[in-house]
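First up is the structure itself, then whatever we jot down about it.
Chains: A, B, C and D, in written order; residue numbering restarts at 1 for each.
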Amino acid sequence: MPKLSYLKALNRALGDEMDRDPSVFVLGEDMNFALTNVTAGFLERFGPERILEMPLTEQGFTNFATGAAMAGRRPVIEFQIPFLLLLVFEQITNQANKFRLMSGGQTSVPVTYLLPAAGWRAAWGAQHSDQPYSMFAHMGVKTVLPATPRDAYGLLATAIRDDDPVVFFGPIASLGVREDVDYADLRPIPLGVGRVHRVGEDVTVVALGHLVADALAVAEELAGEASIEVFDPRSVYPFDWDGLARSLERTGRLVVMDDSNRSCGLGGEILATAAEEMRLVSPPKRITRPDGAMVGAAPELDAALQPTREQLVAAVRKVLKS
Amino acid sequence: MPKLSYLKALNRALGDEMDRDPSVFVLGEDMNFALTNVTAGFLERFGPERILEMPLTEQGFTNFATGAAMAGRRPVIEFQIPFLLLLVFEQITNQANKFRLMSGGQTSVPVTYLLPAAGWRAAWGAQHSDQPYSMFAHMGVKTVLPATPRDAYGLLATAIRDDDPVVFFGPIASLGVREDVDYADLRPIPLGVGRVHRVGEDVTVVALGHLVADALAVAEELAGEASIEVFDPRSVYPFDWDGLARSLERTGRLVVMDDSNRSCGLGGEILATAAEEMRLVSPPKRITRPDGAMVGAAPELDAALQPTREQLVAAVRKVLKS
Amino acid sequence: MTELSSSLYHKIRFIRRFEERSVDLVAAGEIASGVHPCIGQEAVGVGVCSTLTHDDVVLSSHRGHGHLLAKGCDPARVMAEMCGRVTGIDKGRGGSFHPSDFSANVYNSTGTVGHGAAIAAGVAWAIQRSGSSRVVVSFFGDGAVTQGSLLEGFNLAALWQLPVVYVCENNKYATTLPVRTAVAGTITGRGAAFGIPSATVDGQDVEVVRAAAASAVARARTGGGPSLLEFDTYRYFGHHTFELKTRLKYRSDAEIASWQLRDPLDIQAARVSSPVRALIDASVEVELDSVVAFAVGSARPDPVDAFEYMYSDGLRPRAGVA
Amino acid sequence: MTELSSSLYHKIRFIRRFEERSVDLVAAGEIASGVHPCIGQEAVGVGVCSTLTHDDVVLSSHRGHGHLLAKGCDPARVMAEMCGRVTGIDKGRGGSFHPSDFSANVYNSTGTVGHGAAIAAGVAWAIQRSGSSRVVVSFFGDGAVTQGSLLEGFNLAALWQLPVVYVCENNKYATTLPVRTAVAGTITGRGAAFGIPSATVDGQDVEVVRAAAASAVARARTGGGPSLLEFDTYRYFGHHTFELKTRLKYRSDAEIASWQLRDPLDIQAARVSSPVRALIDASVEVELDSVVAFAVGSARPDPVDAFEYMYSDGLRPRAGVA
């Protein structure tokens, strides 16, 4: 079976959707040279009418995409840097995501916001390394953060076909990850449906994005001590609360590993919902970035602000003991 | 003792700080006519050099304030509508709030972002009624949401004197609230220090902003059934975790009433931190807006998305029973 | 052209009286949001929209009632929308400020001042690429020209020579802010900077407006690209009905009176014989009686429907209580 | 003026070699972020800064090494910053992309392209109101002129006739994007639209740059308000050192060669006698040896200091694990 990388999966999903539906087009910066490689080969394949090179004008082209979507197109906007999603935060959350409601259902805004570069970039500094996915969930924007090439393919296809705005976070740290896939098996994956990567009995570890690999490694490492279930929600919003509840029904213990900032982040939301509504036999724990984590530009310092496997090991042991 | 309204408290705190420190100035829209009344009388009192009328250019004047702050001034920016804080979200969270770190401590950016109109406005529609304070906490921006005129005075004074960016949320629903105060008692209130409005033994109700009044009313109403402690954190970030822990040490039961959206909101953060680190003898509960609450423009519909006293009563009873 | 003259008079008269009726309905508590009346500016919307076909698209503003009526929306359903009724063009989810009506190709009226310009560019791009000769008109005020996103929209429209007509209704104020104190340089100069043919035109004489709009629309329809038309106009009423309470003195009675000397209604009335006018005026009152009756007589929305129309797939957000 | 000519040559030569050395340090793994070299554009920063005093303020960009050195920052501490060392101008928190050095009045280099323009206006306003005659220079590229916030800054600077000189280094590309495909109209036309005196000037001849900058700076210093100078220049190196790996073909070798015929180093060299040049070149190498030795020999930051400098009051965010 061919090995498909996460990056290639994005390229393939986007290309397949463009073949399938002529209303799908891509816009963004450095499109003509496919700087991120997500659209490698597309200019030749689909032409400049469907691969739109944009000026350095993110708010303008985000609103532009909203207009094109209301006029029947399915824009996919590629953003190169996480903070660009902060720059267009109002245009996505307060405009694109509300126009359907405001029109009483007359229109919909099927735009996909694709960030194939989510997370920390060593030494790129404070302004380039945020993980804003929790805030899109807070604002009710459909948001996904797939961990594997197969899930990346399936959720990007779904995001593009969805009639509402969807933000797709692809972790920098995952782009090179490869997976054996039978291309025939690649298909859309529904929003809000998590995936149990590993079945376990003693504790549920929830992880997303590139941290799923860390969770699986730790589960292996601790296999002798405990049976760890690894649950990847895959979608940040809507969230697979039923899937989480099913897992906790069995394990009753919860540790979350989440790359977003601690305060009001997804990790906290998972702990809160579990504590309020689900079975927990011991206090849950989360491993996140610190509150309002701001990285500088020195890798040593910044690495100290990222969640680690050691922290996960300690948290799992703690939760098992209590 | 004179009765001081919340709105008057803002006016007084701002005026006192401007008297005290000539580097403090105000900028915003419709300043020359003090549309919000926060700066009523200031143009005459302080002159156009310190009361700056701004064009409709929020990102520009937010960056402008950042520059003025780096050059030694203490700007207070008034925003008339909650979503304007979404429009300048990047300028506050990814620029102003990071420049101190990025400079290795060489500079600081003492800007106060004052929103004297936080929350739902009946029928003003989907784009005018958000409560974004949880997201500023997520990004590590100092954020306050005072509930009473005295606290509003004290926390606005503190926000202005603080050397970092601080976002001040003043709830629309609280602006008319009046309190007997001895002006001599008005003084700065430190960030991150909560206030126990009512001591209780059985359950801790955490409420912020205009919901504190609802919490107190419900505490009265249920006085016969239970002894309810009402805790107002006052600051959203930094949060008074020690104060909450002290309260839970005694009550062991928690209900949070929070006007922000449910997913990844402050209410969830409080439940998560309590569940992870504090004493809880029964599952905590929260009353919030729904996930990604979007109000329309019909008051009946929108009111159905706001937290209510009835919900709080039910939640308190539930928590007491379990 | 008395045919045309009287039909233009009819439309202006209708909008004038519609606005006056809506102000009454605000006082009567039927329009909870209050309104931004276009009284004094009717000739702009009427003149511009008189050059459009049903298929042409309009993006309106917060002061949009006149645009909607001139574009052919059902007045009864527009008024019902303003009253937050389920029979409204947006089922009560858009309201007076931010309506849309796809049955008349009014795509929306975003609440973020100035941001409609780039949305319009996106709609125009999609239309142009679909091979149609439809034209997009984007209405905004003088306040919008200091919003960077508007200029980002200009750049995109000019780069790709899109079929958009940008219509700036320069009514001299943004709320209380005089345009001359907010706009450095000129409004038309901003269009010229992007190579967009730009002109300042009398906005009080509907036939002058129509002539200017006709050539801009013809240019757009025939592949000549975008235009910017700045119409000199004035609102006789306050920015919003709240000015009935807050007596803001940001302009002199003399200034208002001087503009009333060129009332668009009088200017056009002079071109219509008094008997014809009498018939029109009477018919307008009759029609408005039924418009108001329909609106206030329509059902209010049921609070249980608060989640309706938020998402295309019927996704139901979690409620604010578990 | 051979005194001046040779000192200008000296600065250009120093920056050219400094950049070449930094590219080596990227290859050597000492500069983890990579760099955006200004090779080919040195005359702009040198010519402009040669007209400034120590007290004048510079806001730089991501391609800012040349600006910093020309403004008088300590080269050893700039290089140390790029290497993420504690001896760096920002103690390793700013890095190569977003440095500041208040000891030389370089206030910052925000990562949000185009947003420095409004920050500069704020600094200039504060300076002007303090009665000082200091001037602010805001550097940005051709890519920045399509960012709405930049134009919002122009409007504010023009409205209040602030002492800012806007310097656009038009090096023909924004990453891979050719300026002619991104900018409708002209760059200077954008200044003119706001009534800002604007000119396009040769950016390769440092003495021409200096002359143009001198008059703009004099205008600002004497209350004449802002200016916009668009310098025609070119970068010989890629956008960022990542281009050493990704072989992007967005420009022809012939184009690069044609610009190398007007290399700012050669142009200025021709004005300096060869013996003097030989002395300068030799001294530059000696100095750069110690610059590099200082940088790579300096201590790396200690991970425990990751929270340093985030908040003025020493607020410590909660860690990512409880």
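Simple rule for what comes next: contacts are C-beta pairs under 8 Å (C-beta built on N, C-alpha and C of every residue); 3 or more make two chains touch, one makes a residue touch a chain.
The structure displayed is predicted, hence computed values, not measured ones.
Colleague: Touching both chain B and chain D, which chains are there?
Modeller: Common contact partners of chain B and chain D, which must touch each of the two, are A, C.
Colleague: For chain D, which other chain has the most distant CA centre?
Modeller: C
Colleague: Taking each chain's centre as the mean of its CA atoms, how far is chain A from chain B in angstrom?
Modeller: Each chain's C-alpha centroid was found; their separation is 30 Å.
Colleague: Taking the mean of the C-alpha atoms as each chain's centre, how many Å separate chain B from chain C?
Modeller: Roughly 35 Å, centre to centre.
Colleague: If you average the CA atoms of chain C and of chain D, how many Å lie between those two points?
Modeller: Chain centres of chain C and chain D, defined by C-alpha means, are spaced 45 Å apart.
Colleague: Could you list the positions in chain A whose residues touch two or more of the other chains?
Modeller: In chain A, 55, 57, 59-60, 83, 87, 90, 94-95, 101-102, 104, 125-127, 140, 238, 263, 273, 276-277, 285-286, 291-294, 296-297 touch at least two other chains.
Colleague: Touching two or more other chains, which residues of chain C qualify?
Modeller: Residues 90, 92-94, 98, 110-112, 146-149, 152, 155, 159, 181-183, 310, 317-318, 322 of chain C touch two or more partner chains.
Colleague: Please categorise the chain-chain contact pattern as a line, ring, star, complete graph or other.
Modeller: Contact map by chain: complete.
Colleague: Under the touch definition given earlier, write down the residues of chain A that touch chain C in their complex.
Modeller: Touching chain C from chain A are residues 49, 55, 57, 59-73, 75, 90-91, 94-95, 99-108, 110, 140, 142, 162-164, 192, 238, 241, 273, 276-277.
Colleague: In their complex, what parts of chain B are in touch with chain A?
Modeller: On the chain B side, the touching residues are 83, 86-87, 89-90, 93-95, 97-98, 101-102, 104, 125-127, 130, 134-135, 137-141, 237, 239, 260-261, 263-277, 280, 283-286, 291-294, 296-297.
Colleague: Flag every residue of chain B that touches chain C in the complex, lowest number first.
Modeller: Going by the criterion above, the answer is residues 29-30, 32-33, 35, 53, 55-57, 59-60, 83, 87, 122-128, 262-263, 285-294, 296-307, 311, 314-315.
Colleague: Report the residues of chain C in contact with chain A in the complex, numbered from low to high.
Modeller: 57, 88-94, 98, 100-102, 107-108, 110-112, 115, 117-127, 129-130, 148-149, 152-153, 155-156, 159, 308-313, 315, 317-318, 322
Colleague: Residues of chain C touching chain D in their complex?
Modeller: So the residues of chain C touching chain D come out as 146-152, 154-155, 158-159, 181-186, 189-190, 192-196.
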